[in-house]
Amino acid sequence: MSYRRKLCMRDMVNVMKPKDEILANLKRNFILDILKKGKRVDGRKFYEYRSIEVQQGVIKKAEGSALVKIGETEVLAGVKLSIGSPYPDTPNEGALIINTELIPLASVAFEPGPPDENSIELSRVVDRALREGEVLDLEGLCITEGEKVWLVYVDIYTLNYDGNLIDACCLAAVSALMDARFPKLEDDKIIYEEKTSKRLPIKNYPLEVTYAKIGEHIVLDPCYEEEEIMDARITFGIKQDDTICAIQKGGRGSFKPDEILNLYEDAVEKAKFLRSFLNI
Amino acid sequence: MKIGKPERMIINGKRLDGRGLYDLRPIKMRVGVLKNADGSSYLEWGGNKILCAVHGPRELHPKHLAKPDKAMLRCIYSMATFSVKERKKPGPDRRSIELSKVIREALENVIFLHLFPQTVIDVYIKVLQSDGGTRCASIVAASLALADAGIPMKDLVSACAAGKVDGEIVLDLFEIEDNYGEADLPVAIVPKTGEIVLLQMDGNLTKDEFKKALDLAISGAMKVYELQKKTLYERYGERYETER
Amino acid sequence: MSYRRKLCMRDMVNVMKPKDEILANLKRNFILDILKKGKRVDGRKFYEYRSIEVQQGVIKKAEGSALVKIGETEVLAGVKLSIGSPYPDTPNEGALIINTELIPLASVAFEPGPPDENSIELSRVVDRALREGEVLDLEGLCITEGEKVWLVYVDIYTLNYDGNLIDACCLAAVSALMDARFPKLEDDKIIYEEKTSKRLPIKNYPLEVTYAKIGEHIVLDPCYEEEEIMDARITFGIKQDDTICAIQKGGRGSFKPDEILNLYEDAVEKAKFLRSFLNI
Amino acid sequence: MKIGKPERMIINGKRLDGRGLYDLRPIKMRVGVLKNADGSSYLEWGGNKILCAVHGPRELHPKHLAKPDKAMLRCIYSMATFSVKERKKPGPDRRSIELSKVIREALENVIFLHLFPQTVIDVYIKVLQSDGGTRCASIVAASLALADAGIPMKDLVSACAAGKVDGEIVLDLFEIEDNYGEADLPVAIVPKTGEIVLLQMDGNLTKDEFKKALDLAISGAMKVYELQKKTLYERYGERYETER
Amino acid sequence: MSYRRKLCMRDMVNVMKPKDEILANLKRNFILDILKKGKRVDGRKFYEYRSIEVQQGVIKKAEGSALVKIGETEVLAGVKLSIGSPYPDTPNEGALIINTELIPLASVAFEPGPPDENSIELSRVVDRALREGEVLDLEGLCITEGEKVWLVYVDIYTLNYDGNLIDACCLAAVSALMDARFPKLEDDKIIYEEKTSKRLPIKNYPLEVTYAKIGEHIVLDPCYEEEEIMDARITFGIKQDDTICAIQKGGRGSFKPDEILNLYEDAVEKAKFLRSFLNI
Amino acid sequence: MKIGKPERMIINGKRLDGRGLYDLRPIKMRVGVLKNADGSSYLEWGGNKILCAVHGPRELHPKHLAKPDKAMLRCIYSMATFSVKERKKPGPDRRSIELSKVIREALENVIFLHLFPQTVIDVYIKVLQSDGGTRCASIVAASLALADAGIPMKDLVSACAAGKVDGEIVLDLFEIEDNYGEADLPVAIVPKTGEIVLLQMDGNLTKDEFKKALDLAISGAMKVYELQKKTLYERYGERYETER
């Protein structure tokens, strides 16, 4: 160390590690040992999703809804419409407002109260893929230019947390948007009880695909045990033309450029696979 | 008259959803639906869809909040934004804080909290779809989830509302009746003893109407109790027996 | 116990009760012993109110006000009017907004800060009786249909807490509403300094009557010492035609159906008694 | 010119409420008005109505916030929603947070806080009706309530404002003068020593005006001090004596 | 003590002073000793400012800005304009909104989160001088009477805290307002990218001058070490006609009337001195 | 098309600010700019002006939050209200909370946190003026401030964005390109090892475009790294050497 160093004496501090730290290390080593043998803690291959279920139309009060399970991870998305004013710089466009909430039903790790940084990151990462991936043609939400437009709210609740909420939430959001029908409009008042047969102006089907890095190993669709001890995570938002619309790296670990390029290629295939659950 | 109120809500003795005056809506119950929770339940009651998770008993942090002689029971009732006609703003409102309190107090009556000193039991209730009567449905779901978590109770709590619609006393109001009816009387009971552990009322009732509605709500709750026991029996392969 | 039981070992946990718990039990037993002898801690009969005082017009800045004392419990209600827009589904109705605050002046038990669940319950229970009991004819608050209506705010502060805030707050609210006069209106601007002689459109006089259950005993108008150790509480909102407009049961204890029906009958009489303090 | 401002506020040497330039408004004081508080007071000062409660000294939780060598003094000044012309939104605003701070600092000057280490003394001030000059009235009420709580002080704090209205220096501004006058100068003093423990000013004064206003405010506070002492004397049957 | 005394036994309580208290007393005595010798901890005279720097135009995105240093104390003020509606009782006046934030960059003593009472007091004291000192002619901010007016926001951030933030913030605010130019207005829309050459309607140049009292000593422009142990503080807001427009006394200590009158006279001179940094 | 979007953003191979496609904006760096901070830096990067302070390592209160085997790193990114065209409301928004998190995670990668158990290191980043690319600029400023604080790191973190504008892959987008361009790809690296510690993307890129943009961003970050090292060298009079 060759420059100013204020704090060298602190190096001497010697603190006992309590049991929690030891336990975390044991867990990590256990999972790493399995990975070194080319296996995963739940028996999957490295680049394999858990079983996926998508169920639309589960909440009739919502304009659209979808329940998505990836393994034991379970999330519910609902779409509600209302009428508002457009932004001044986009007078003929409606708005898409996406919100994801980590609710304590899903895990003891999720506290009640205002959203924490994990909740906000999840929410924004899902939002980014849908917004940048142009899931909706926002001009198709215009009622009267410069005056009235549809506001499309997608609210996503985590019901059970077993890892990889991003992919599940994104899939649920797209699925719920596809399930949605416009409600009847009478004199600019919404009759929520009567749905029309008109669908939302879906333009693209962006989906998110997430990998975890543990030591030198990279796995698709991490489960809870893997997320708990992972070094880093990377998510790709992929459109149906195989272009990329969003990326988010998370965690204090790192990726090499080559790893990222390789994962991109795999993510394109996996997005296709996910899209098959939407019948597209 | 409020805009949106139907002209009549009871026609030839039938209600707008086809029920007779004293009929319950269809009810479906399941327990053990969430992997991470210590206990959980899912309840459909007419158009209500309610998911409930129980975490605990577990240690309470920070410790100075823990009670030395019993478990603390916490309860959070909340509605999904899309559970109602017009999107509900996320986050707790005053109504859900009050409901969380009265639901918790009803459950505290039956749980043997003194068996688990220094701990906390959390009950999370999420209304995924709402159709009138969610507080009764929530209590029913919560006591199933508590049973599923193996938490000792002197009995399940059961619940049902009665009320007044178009001048008639009816059982188990659904949303339109709740919004435009004359009175709503949600009641939760401990079925074995007949004790009333939750009672609220808003609207307008004469003494005779009140007496009739109270009896009716209790009889409704007893029917729901049978469904609760059946659900637990089917899940756990033995007849549900209360503690002690 | 005949089914799954995860937690049996916890039964073994043996924890010393600290002094607080012992003290609470001593207090409870002391009060129960008195009740068993047919008496109350402050010498009252079981179904007897403490002395009641109602004083209107104490705050001139308010459009109406009332100070209510029930024994040592003391609350102050004030009415303020402003102008707003009606709700779309009730275009010819004004609004009544009631708020009750447990302020720390009244007791060391009331913390400063945002309202807790006790404060919110109190506020909503008082609101419920007045709203469902139709204390105001809301159509009498319309200024211009669909455009301008009077908003009537009733704010109630607890000044000293000695039990049974609900009855005191409800009585104070009705009394303050009766005391209120419309301020002068000039070009749709309120001249607060000049009150007219016009009263608010009072339609009903709903009042709340509260009982506490301690062991097997039920008492009217619990004082602080009784509330501290009570098992349950029940409140009836009663209109002047003796019908019921609101009920709220509180506490972890229970009531039998017969108890409730009997209390209803008593509450009707007690509401008449309370109404005598309003000269009606 | 602001809409609502009276054309003249001083006419023939009389103010709009009939007072002369150097007159105080009528003041009424009572102590021991709240049963639950350790000390309390009620003050009417012109149209101001102020209720004050003191809780403590008592143990402070959590303990790590307590000061090892003295009591912590906390002070919350707040206004009832109906204390002003247009309903005030509930909850603390920036003005009441500042006022709470300067009032607390004035009181800290006289309380023997070091006699009660590890404890907290809470002063709650509620303005039930406001008519200009509530901060001075609050300090006066608070020191009465502290005395009523038996908390040792080197002296009471007394207070009064002076200001400038229609070009004249006047004592004890009421609401209209406060809103539309040229300057307001609230002053709190320790009467025995003449020390100034609160001083704020807003408006516009020349040096001579400021000197005159300051002297006038101090003389007003001395008159209020006599009323404070009389009130305590009447309540406690002995002449008020400061500590030590 | 001649009247009711509830708490006499508490006097017996005997608590060890921990190190923090001892340290604070040592610091105080150290500084007092220096003051008794007629000197200050940083070598200044009692009524002397530290070196002052004022730099305008540092933030081009803002309509106006100024960086002010007083010794090591450093604050940054920025002016932003927007369009709003006037208050009903002043239909031809714009508004000046001043906000000062104690940000944690400036000191470990400033916590992140909503403003505490120190932050609010600072903000309001600076606001008071500018508002009462009529720094702007608010009528000069009117665009259309009763409809559209300019809103002038001055936000001030503390960058480094070494005592006497009030004087620094006030000087920075006035300097930033002087630096500001109106942006271009097109069809009532602000073109922020294009500033006009038109200045804000500056009417007065009020500045604040702050003294600290330590024991019997009074010093101008306290540095951090002096503020830490001072008994009281007094701030005078002075206009360029030498009249006073704001005072704020802070701290639990006291001032004698004569001290205040003497300081007023000195403050008038010091305000002139500060104004020289604004070239007026 | 969004109102306000320029018709073309690249004209004859030049960008609106005169740069070529692969040019960085001018960058100025200083360290040790704040007296009170343990470490600090000031960075101008095009129109971005960023001030960063590091406090710590110091004890964390309350203690139960401290980590027994390493320092906790906290990071707050925030924008001055006047840093953007239309005044930003004060206080944290969701964007700054997310940015604070990803910046912290990037920095955690290089700091030897285990050398300072039980402590906290606070990194405060204030964007005084914003012109596109503030998160990369913030990371660069933060690692300078950490170095200035003498906190041992395996390397500095460097960062730069690439993106797509008018169909071209370009380096280091400024505000207009950020708002109206087709894609933005901020990248932070550990220069010595080439590891990527921050990576985000929004917009639309094909695989080839992505590859090109990623390479370009990394090359940009390497150039910024040289400036970082030069800055530290000039300040501390020795060549910057990483810890071990």
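General remarks:
The first chain written gets the first letter, and so on, giving A, B, C, D, E and F; residue counts start at 1 in each chain.
As a working rule, a contact is a pair of C-beta atoms (placed from the backbone, for glycine too) under 8 Å apart; a residue touches a chain by one contact, two chains touch by 3 or more.
What you see is a predicted model, and the numbers here were worked out from it, not measured in a lab.
Between chain A and chain F, the least number of touching-chain steps is 1.
Graph distance from chain A to chain E, where chains that touch are one step apart, equals 2.
Chain centres here are means of the Cα atoms, and by that rule the chain farthest away from chain E is B. When the interfaces E-F and B-C are ranked by C-beta pairs in contact, the top one is B-C. Distances between chain centres, each the mean of the C-alpha atoms, put C farthest from chain F.
In whole angstrom, the spacing between the mean C-alpha positions of chain C and chain E is 46.
As a whole-number value, the distance joining the C-alpha centres of chain B and chain E reads 57 Å.
Rounded to whole angstrom, the centroid-to-centroid distance between chain C and chain D, based on C-alpha atoms, equals 32 Å.
Taken as a graph of touching chains, this assembly forms a single closed ring in which every chain touches exactly two others.
Traversing the ring of chains that begins at chain C and proceeds first to chain D, the chains occur in the order C, D, E, F, A, B. On the side of chain D, the complex with chain C involves touching residues 34-37, 40, 47, 49, 51-53, 55, 58, 76, 78, 80-87, 90-91, 122, 124, 126, 128-131.
Contact residues on chain C toward chain D in their complex (touch as defined above): 58-62, 65, 72, 74, 76, 78-80, 82, 99, 101, 103-108, 112, 114, 153, 155, 157, 159-162, 192-193.
Touching chain D in their complex are the following residues of chain E: 1-7, 10-11, 13, 15-18, 21, 88-91, 117, 120-121, 123-124, 128, 131-132, 234, 239, 242-257, 260-261, 264-265, 268.
Taken together, the chain B residues at the contact with chain C in this complex read 2-4, 38, 57, 68-69, 94-95, 97-98, 100-102, 105-106, 108-109, 115-119, 147-152, 185, 190, 193-207, 210-211, 214-215, 218, 232, 236-241, 243.
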